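So, here come the structures, one by one.
Shared chain: chain A. Partners: chain B in the first complex, chain C in the second.
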Partner chain A sequence: MYGKGLLKGLSVTLSRFFYTYWDDLVWFWRRITKGKRRYYSPEGIAHRSSKEARGIFTVQYPEEKLPVPEEFRYLPFLVYDEGLDGTKEIRCTSCGICAKVCPPQCIWIVRSTDPATGRPRPQPAEFYIDADICMNCGLCAEFCPFDAIKMDHDYEMASYTRTLLNLDRLLKPASYYASIRPLNAAREEEARKAKLASKAAKAEAKAA
Partner chain B sequence: MIAPDSTTTIDLVARFPSVVTPDTRPGYSGWIVDPAHLTEVATAIRNEFSYDLLSSVTGVDYYPDKMEVVYHAYRTTGGPALVFKVQIPRHNPVVPSVTPIWKGAELQEREAWDLLGIRFEGHPDLRRIFMWEGFAGHPLRKDWKEPFYEEDVKPFKSRWPEGKHLPAEMRTPLQDNLFFPPGFDPEAFSFQDPDQAAYEALRRQHRPTDEDGIQTDVIIINMGPQHPSTHGVFRAAVMLDGETIIGLKPIVGYLHRNHEKIGERNTFLQNMPYTDRLDYFNSMSNNFGYALAVEKLMGIPVAERAEYIRVIMAELSRIQNHLVWFGMMLNDLGAMYTPALYAFEERELILDIFEATAGSRMMCNYFRFGGVARDVSEDTLRKIHDLVHDRLPRKIDEMDRLLTENEVLVSRLKGIGYLSAEDAIRTSMTGPMLRASGVPYDIRRADPYSIYDRFEFDVACHPEGDMYARYQVRMDEVRESIKIIKQALKQIPQGPIMSVKPSYQIKVPPGEAYGRVEAPKGELGFYIVSNGQPNPWRYHVRAPSLINLTSLEMMCIGEKIADFVAILGAVDIVLGELDR
Partner chain C sequence: MNPKDINLPGYEIPEELKHVIAITALDRLYNWGRRSSVWPLMFGLACCAIEMIATQAARYDLARFGMEVMRPTPRQADLMIVAGTVTKKMVPAIVRLYNQMPEPKYVLAMGACASSGGPFKEGYNVVAGIDKFLPVDVYVPGCPPTPQALINGLILLQKKIDKESIKQVRWYRKGPDSVAIPIPVLGPDLIDTRRIPDIKAHTLSSTSKTDDQS
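Our next item is the complex of A and B:
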């Protein structure tokens, strides 16, 4: 029969239309009984991006935001450890691996030198990342041997001018890093501790 | 005619003594053919040895003495490549064209002329393809330098240890890399319409029919580059007799950024994120092809778990590509956005998985030489499991119900844009386009790479050769991909994800390699030449989007102009890959 396929197709759109409102009713019931809301709530967003999602699929950005997974990467930032007296202990040693591995070559590092001896110090004097050039590939974070440069989760970076990130804007505390990437931070911390322990054991063995 | 059998080794030297010599450079393979006899040898390769599918034609600039043109030919019955090359002096690079033998070489030879300045004699329409007529120089030649040129290869010395940041626009482009064509006089310069050459080519090749004795006039219409149907900045100069298409020339290059030149400046690893930007729908497949080519050169194995992860990711990418294709195809036909947005729901879930594993939704940059960048968590594997066992089959059935029997869709697709199997092979069509013409050629089966030989799946194939067949092939392929992922999830072992220590300085021995994968849009190949340096000497992408356009004219001739939109949509092009 001509038109059967059309009707079959239309039944799909009709059921989609129906489910949108049906799900609203279901969630209305949940709201009454369990206090769970379909919109503007974490469980509502999680439901809409799960395999059970039916009907409305969209998320009302910026009122609602999708949670970003741990591995999500945006722009790089530099990690510093907070010293006991509040000093910033920058992990970066200005070894230049990130600048070398960077595909669009958007990292500029000025190595600092000791004013007394004139010899290079393992600390960056300046660190620039041209955010307009950065392609968010994450290779700098992947190959940094000191866990000093990591990829940030903050993606709301729109600005009226070009964005050049300098050392001030790049530095973020290790606690912030642990908050956005808890699993990675814990794994790296463990590796660092193990390394320190093995070093200490070696030193002890040497002394003994 | 020798029976096509992939196990017989071809001995071209025995067939053509003194014309063909084996390529004995270390790390190289194949045959070197005397340019004067290329046509004769190529005809024999096609007709006697039945290498009917010419996959890739490209040039290499062996600065400073010679140029080389490299051909990769395959049999559509399966098996490895037959590689043959022609060497020519750099100051006068002239090669006989193979376009009369394999029409699929047409656009690729134009590309080699444009970027490397190799002239192909006997080519029906040898014009620049990406750059404009009147452009000075050939960008892929090793002595050509781009504006804002810094150094030959990355990493640039200005970045460390005394890195002075300087925005690109502050650097003057008018330094030592400013070229003028010989005899250029700015005073005497007058502007010439750059499109004239394309229009003339159209007029030369096609004449209006005047069967009834009435001389009719033709018009040339430009579809694009700013046309919503062209999926980006593609343009076609269409020659019309009334409403019927009688000739067509694709005009591309609006998104050209010379990916290959950038690739030669980059180190091997630095190219990986750049491949994401080719076909930005399928960065996983692009990564796959490039990783395969470099691994072949390095001669390293891939970690077992990583192989499975690669297959899962590549197939997920195929599913979302085809789903979006259904949506976009229907957009082209006028069913605005309902199917497209239904497809985007499923794509969203797949991109969530990419985001959780690779860190980015589209620019995945996930593959490394010898494995993948990071492991897939159990949680993500469970998500993939739920998708392929529950949601995706359900949703694909829904898409099927929504579209497949729809009478409007059927009448717009059936019998339109016909391409016969012979023509499809002759024009080097690959992927769903070739399989919709009844040639069951799928690289995953015909020349298995990675671990595809371990999975049970069918090659989707429909013999009709029209657009409805192209639609059905893609529908079947999505289901086959789900099958592959299901098996991969069952078999995936625990273990390391890298077979070698991850490193940013990769030692690649000198030689050449051609890695190809069955990307969702067709055969995606990477031809890489290394000279032992940290950067590739030649990095060529065999882009299915571009080469599948060779037959666009064939499919469009005789159809109405309104169907051009749909025929182009059915090819499934992505301009990021097409223009490179």
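Our next item is the complex of A and C:
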């Protein structure tokens, strides 16, 4: 009563203000002794995101970025395996499951045909994702039976016009996927190897 | 800010035009002032507004870009962040707010719904993209965009402001405006509120008829 609560609240703000400068001194000492920096360094960001942060905890975004968790998802991208002679082996078979499950219907796939026989090939000729419609739900990545479409971590996608992602912008190497989602990529790689091994064992049993 | 950034015009002039064209530093100063005080209009339409609030708060702190002053009145705002689903009922109010904003004014479509309608793009009550009614400067995809993605869009807007020249901006030119002020057109994207009594009367009359038949 009598404004005591007000003063209490203001004192919290004031203590944060002073702690900011106190933290500056603490980090100055750490920089001298351990070479750790408060800003523009991973340990600085980790400290400001932790419970120990008492003063300022602003992330200076364009210069330093908050690390995203592995399961963070933004827009989808297509994974390709790098062949031995540098060719892109696109995992996508243009089966169209992703386009069917997509809730806002933002995926368009054009199947490619073999020019010699005129029959459809398991390769996308064109693949479009309207980035401005995509709601980042990740159902396409969840349903893809070939691990061909995955959710990206890159959120810096703002543009002056509507963004339509085509095959050029969507294709990213499997090494990139392994770098942003190491645990998932390792798990899927293991599953694929186990599947191949069981297939080989079955074929052997049939032959014998 | 580094005074060199204001004084040195960073424009590329072709070699054959170097003695013809002179770019003053006034543009740089003028644009620096404008880009460092883009005040957004304070309104949110849906869940994207929560991310906009998070961007405004202490962890991301839009004050670092001079955008901390969210104006509650369109008369003092420079930027309209369309944060969320634009319903057909809301779009006349949004266009009206846009028309009340003084020049220069910018529009940032935040998130899938504002950019294109998103998951509701074929809905009966949602406008498929605010760009049908307003000239959008920056599109930020995402559902919703994270605060860092929004800041990335705002930095893109600052870059756009940096490229403008005081000699060419529309709002200081004489004569009629080159860009028509958008007026909401009554059509499939908009409910004509004046017809609500008619629709109501029509609906009621049809139900009473069926009652009679039964």
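Methods note: the second predicted complex is superposed on the first by the 207 of 208 C-alpha atoms of A that agree within 3 Å, B and C clash if a C-alpha of one lies under 4 Å from a C-alpha of the other, contacts with A are read in each partner's own complex, and residues count from 1 in each chain.
Just so it is clear, contacts are C-beta pairs under 8 Å (C-beta built on N, C-alpha and C of every residue); 3 or more make two chains touch, one makes a residue touch a chain.
Keep in mind the model is a prediction, meaning the values are calculated, not measured.
*Asks:* A:Arg111 contacts which: chain B (first), chain C (second), both, neither?
*Replies:* In the superposition, A:Arg111 touches chain B alone.
*Asks:* Examine A:Ala131 and indicate which partner it touches, taking first as chain B and second as chain C; both and neither are also allowed.
*Replies:* second
*Asks:* Is it chain B or chain C that touches the larger share of residues in chain A?
*Replies:* B
*Asks:* Taking the superposition as given, does A:Leu164 touch the first partner, chain B, the second, chain C, both, or neither?
*Replies:* In the superposition, A:Leu164 touches chain B alone.
*Asks:* Regarding the shared-chain residue A:Ser94, is it in contact with chain B (first), chain C (second), both, or neither?
*Replies:* Only chain B is touched by A:Ser94; chain C is not.
*Asks:* Go through the superposed model and pick first if A:Tyr155 touches only chain B, second if only chain C, both, or neither.
*Replies:* second
*Asks:* According to the stated criteria, A:Tyr61 is in contact with first (chain B), second (chain C), both, or neither; which is it?
*Replies:* Only chain C; A:Tyr61 stays clear of chain B.
*Asks:* Just to be sure I read the superposition right, which of the two partners does A:Leu75 touch: chain B = first, chain C = second, or both, or neither?
*Replies:* second
*Asks:* Kindly classify A:Pro103 by the partners it touches after superposition: chain B alone (first), chain C alone (second), both, or neither?
*Replies:* both
*Asks:* Looking at chain A, which of its residues have contacts with both chain B and chain C?
*Replies:* In the superposed arrangement, which is not itself an observed complex, chain A uses residues 57, 103, 130, 133, 135-137, 162 for both chain B and chain C.
*Asks:* What part of chain A is in contact with chain B in the complex they form?
*Replies:* For chain A paired with chain B, touching residues are 2-6, 8-9, 11-13, 16, 49, 51, 53, 57, 68-73, 94, 96-97, 99-103, 105, 107-111, 120, 126, 128, 130, 133, 135-139, 142-143, 151, 162, 164.
*Asks:* Chain A touches which residues of chain B in the complex?
*Replies:* Against chain A, chain B makes touches at 154-156, 158-165, 167-168, 266-267, 269-274, 338, 342, 345, 348-349, 352, 355-360, 363, 365, 373-374, 383, 386-387, 390-391, 398, 401-410, 502, 504.
*Asks:* Within the complex, which stretch of chain A touches chain C?
*Replies:* Per the touch definition, chain A meets chain C at residues 56-62, 65-66, 74-75, 103-104, 130-137, 155-163.
*Asks:* Please give the residue numbers of chain C that touch chain A in the complex, ascending.
*Replies:* Counting only chain C, the residues touching chain A are 58-61, 64, 112, 115-119, 121, 129, 131, 137-143, 145-149, 151-153, 155-156, 160.
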